[in-house]
Amino acid sequence: MKLHEFQAKQLLARAGIPIPDGRMATTADEAEAAARAIGAPVAVKAQVHVGGRGKAGGIKVAKSPAEARDAAKAILGMEIKGLRVEKVYVERAAQVDRELYLGVTLDRDRRRPVVMLSTVGGMDIEEVAEANPEKIARGWPSPLLGLLPFEARSLVFAAGVSEKQRDPVADIARRLYSVYVETDASLAEINPLFVQKDGSVLAGDAKLDIDDNALFRQPELAKLKEVSKDEETEEKARALGFSYVQLDGDVGIIGNGAGLVMATLDAVRDAGGKAANFLDVGGGAKEEVVRSALEIVLANPRVRSVLINIFGGITRGDEVARGVLDVVRTHPPRVPLVIRLSGTEAEAGRRLLAGAPLGSRETMDDAAAEAVRLATQPVRA
Amino acid sequence: MSVLLDRDTRVLVQGLGREGSFHAARMRDYGTKVVGATKPGKGGTTQDGIPLFDTVAEAVDSTDANTSIVFVPAPYAMDAMLEAIDAGIDLVIAITEGVPVADMLKVTAVLETATTILVGPNGPGAITPGQAKVGIMPAENFSPGGVGFVSRSGTLTYEIADLLTRAGLGQSTCIGVGGDPVIGLPTPDAVRLLNEDPATEAIVIVGEIGGSAEERAAEYMRAEGKKPAVAFIAGRSAPPGKRMGHAGAIVSGNQGTAESKVRAFEEAGIPVANAPSEIPGLVKRALRR
Amino acid sequence: MKLHEFQAKQLLARAGIPIPDGRMATTADEAEAAARAIGAPVAVKAQVHVGGRGKAGGIKVAKSPAEARDAAKAILGMEIKGLRVEKVYVERAAQVDRELYLGVTLDRDRRRPVVMLSTVGGMDIEEVAEANPEKIARGWPSPLLGLLPFEARSLVFAAGVSEKQRDPVADIARRLYSVYVETDASLAEINPLFVQKDGSVLAGDAKLDIDDNALFRQPELAKLKEVSKDEETEEKARALGFSYVQLDGDVGIIGNGAGLVMATLDAVRDAGGKAANFLDVGGGAKEEVVRSALEIVLANPRVRSVLINIFGGITRGDEVARGVLDVVRTHPPRVPLVIRLSGTEAEAGRRLLAGAPLGSRETMDDAAAEAVRLATQPVRA
Amino acid sequence: MSVLLDRDTRVLVQGLGREGSFHAARMRDYGTKVVGATKPGKGGTTQDGIPLFDTVAEAVDSTDANTSIVFVPAPYAMDAMLEAIDAGIDLVIAITEGVPVADMLKVTAVLETATTILVGPNGPGAITPGQAKVGIMPAENFSPGGVGFVSRSGTLTYEIADLLTRAGLGQSTCIGVGGDPVIGLPTPDAVRLLNEDPATEAIVIVGEIGGSAEERAAEYMRAEGKKPAVAFIAGRSAPPGKRMGHAGAIVSGNQGTAESKVRAFEEAGIPVANAPSEIPGLVKRALRR
């Protein structure tokens, strides 16, 4: 779950990390008032859950409250990577001398958090990571001890932070690490971390992604959850215990188990088609589950055929078949269905499906090929 | 011979709720020795004929359990795993989905200095066909034999086991390592176990996009491989930057892409199947059967 | 550093441990008002930094505000183990069914904290520990992980806590452990932990000793430090960097290094005498240090001779001798002095001391014997 | 031969303040190889001819230091010890007084899985006379020989070393384990090192009231002792319940009393001196000289 910059900054400030004075605004009027209260110049910044808003024009500097009003007018309602901007954060502009990068995330291979610090922060940090990884100093604190003072110190020396900023940056690194731990974050990032002309250090931007699995113990953060329009379907699926990702093809996919569904997507592509979505129904595939899954998949107007790939494990294949039959008979879908059952009692299941208004195939490859073929046919009236 | 599990495996069930008791029964049906379960406050009684204990330590004392399977809900899973490790259980298999990453970081830090092997969480468990099953996999799809098999995925494991079984290729031990970003026995470590297992003639490695476990497994096999291996990577068609169910399947930069994994296996001389259906053929060719 | 019950209970309450409603009082009037506000019956409890106040009559139950007034009048001003009671804590009387014991302290041998839980709590827990140690369940949490839920659970099962109290007691154990860690305590104890007639669990008493070495990072607790009259000398010594313990003999002792001073005390006893104090001046033994140490030792009217035992280590023996000579000449002490110098340049030091108004001996045993002999002589006019 | 320290000891000083630089000079005077010191921000410069480094890791890389001595003030001592452990230093000697117990509990928990030996804190350090001194003891009182010597106390150590030296009994290695309740190398472990050291012919164990380290050392020697030992306990005359300088010297119940310690040594056949002055005689008798 992603937090907005202003939410993340509040958490950083609570942990003692210096941030610029700032206010939220949802209208141009509010933005102007905020700029007046804070004192110009200010930065007016789109609050959306995607990266790259700077390059997309979502951040403007305003020299006066009136300019802040204009900036907010321009940014509010703008679309960034398909997301509509509904809030801006108005913040006192920093006297930037240099931009550092500071981030904490998971290093899967080492099974430890990794703290990254670089003196070449800012918008192009991904390119730095790619082209000059040595410019990013890394440290791997023990999850049992936290980021120790000597580790933070080693980082600022390794990154080559200037003498004057060493202590404050090491201090901020330790505080950011605490935020990472205390909020169950999967990512905690300050980029850029400003060094101002007077030598002071200030969080320019802040990113905080929270581990969804830990929201049960982060009730305050869970309340901040926002579902943007294009995430509504994924959210609906999640509420049903499904995992859904929208893609840009036309073959709807339903399966049980993430790996199996991914393999199904691959099979569709290998058959020359393109999947419209990823949908993992998780454990079990009874009637109700199949019906809800079909509803979600068919809500996507681009879907022209649906491929159901179920491995009857503990759940028997014949039971699954009965569930699917029930759905198909009572709520006939608008596009052709192909089902492939495997595992326990799959043959019995396939026998039940014989004659039903859907295609049944024995292997994943055949089923994918059939679903792709059906997607290219004219839509039924 | 086999790895992790055999006829002497003595299983303790941690979390005998609906799911736990269902699978405990299935494991017993398979012949696995389910010797006890923990249910704090119910120590001294039984449920479905399984003796109950208040704590893992007591259960180990009374039953000599050497393996545990964890079904407790995610918020309590770390505690259950640490309790099992603390009680000196040799093998802990965690089925629970949705354990916070921070909890797993603590658990794996503790594992570094423990003798326990943890498989999972968020996996189907492990099975040595014909000897013991400690997991939630449908046993029908597995058969005894010489193919060792490591997978990050649940149903895909069953699917491939089914394909292998139908092709007459039985399995030595199948290990579902789990789909989470931080797990107890990552793919390379599981592959190492099978590589060193005399009962395993060939290894099937089923990976997914995300992380670099497959790359590391390929690297290990290139350096130390004693037997033929075949790989499969799910998610080759996934667009970058999208999560596909497993939190682990986040593609970032070049690392963790299907291409990077396929290349790593190819460089290690390990053929990569384009579809699960190709796996049995590749295994047979690798075994020169 | 010891906290009073009421201070400890505030910290427990802050950590979510249930405590009875209570108020502080320093006069009988206040105690009566407190009892009225809380609602009788109440317990009126002396707040002094010693154990055993219950057996000494420092706790009285009052059925009405008027009784609370009388109880406070009786307790305030009373002496418990030499300490004058200046505060009472007035607290709603619990409906006690049973008394448990719960404590966290250091297990030196295991180098871990030890959590102890027993169903036979109350005033005689020390005797239980002695006679029936198996009645106290113990757990040793990792300092890196804290008291985990399963460890707290194991404790309540091992101690045989009744079913109804298991979860609350395990919960309180984990919270008490957090208090122990967060306050840098050397001891955190709830004894008795009441089980009330309705089955609820409540902290009857609370004890919290804080590691003096950690007070630098516990500013809030450091403020609670109280120096009682009989601790004033020890406190004054501590401020000078000395370590001083009052004993009941008549040979004053000054030395450098705790082990050496203890050995000196032993030597005095072996010579048939009794030490008046333990005083370790720590590193160095220059003039000023010797003077301050002598002042502290001689403030004790029972002292009839003083034995100075200094090991000249990095500090040279001749320098120490000069320091002592200066003091003896400018501020002649009221009782005879015996000095024993050893280590670096000890002989040179002894040569300097020859002829000075003090006894000088080469060995610890001889010096102790001489100091004991002098202590038995009539005091000089 | 000797334990902990020898001619190849290469010392890094952590905390080159007033006390640190004073003792660094004394150690060099003794012939100890002081190869560097940490002073964050001063890396690349020198102080009193000692090369300075920003971090311990850098210092180890550049100097091959295998030992460090910690003088940093108590609030930062845990960090310094953990930094040295993290950098893989073999032996860390912590002089610092007043380290919070909670910090030491963390440090000793980390030590359990590290290869580093920590001596101290709150002790005088260690010395292998004639080879290396890593501590604050006055070197004049020590002389090379065969008596291994473990003590919880500072000046009492010097006193006894002085007595031994005057009696012609040189020392193999003297270890001041430190007076705090939680230390890196408790008396029994230090005794074990000396017991297994071929250069040590006899062991002197100087204890104090409080704790049960002496009892455990006696127990160890009873079971495994390979050479004669002599003990001394300071604080036999201390009244129960009083603290005598060292926080460790708290007598609680029967454990940790002088009586309990003396009895433990006597049961292990180890003579206990009534005064430091008796120690050399007892050692000579034990060695049958």
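Of note:
For reference, chains read A, B, C and D in written order, and residue numbers begin at 1 within each chain.
Keep this in mind: contacts are C-beta pairs under 8 Å (C-beta built on N, C-alpha and C of every residue); 3 or more make two chains touch, one makes a residue touch a chain.
Please read these numbers as outputs of a predicted model, since none were measured by experiment.
The fewest steps needed to get from chain A to chain C, moving only between touching chains, is 1. The remaining chains, with chain A left out and nothing else moved, touch as one piece. Among the pairs C-D and A-D, the greater number of C-beta contacts is found at C-D. Note: the chain lying farthest from chain D is A, by mean C-alpha position. Averaged C-alpha coordinates put the centre of chain B at 48 Å from the centre of chain D.
Centroids built from CA atoms put chain B at 27 Å from chain A. For the pair chain A and chain D, the distance between mean C-alpha positions equals 55 Å. Among the residues of chain D, those touching two or more other chains are numbered 106, 110.
Multi-chain contact residues of chain C (touching two or more other chains) are listed as 144-145. The touch graph of these protein chains is complete, with an edge between every pair of chains.
Those residues of chain C whose C-beta lies close enough to touch chain A in the complex are 144-145. By the touch rule above, chain C contacts chain B in their complex via residues 145, 148-151, 153-154, 157, 163, 166. Residues of chain C touching chain D in their complex: 106, 108-109, 111-113, 126, 129-130, 142-144, 181, 184, 186, 211-214, 216-217, 243, 245, 247-248, 255-263, 265-270, 275, 278, 280, 311-314, 342-344, 363-365.
On the chain B side of its complex with chain A, the touching residues are 22-23, 26, 74-75, 98-102, 104-106, 108-110, 136-138, 140-141, 151-159, 162, 179, 181-182, 206, 208-209, 211-213, 216, 232, 234-239, 242-249, 253, 274-277. Across the complex, chain A is touched by residues 40-41, 43, 54-58, 76, 79-80, 82-83, 86, 106, 110 of chain D.
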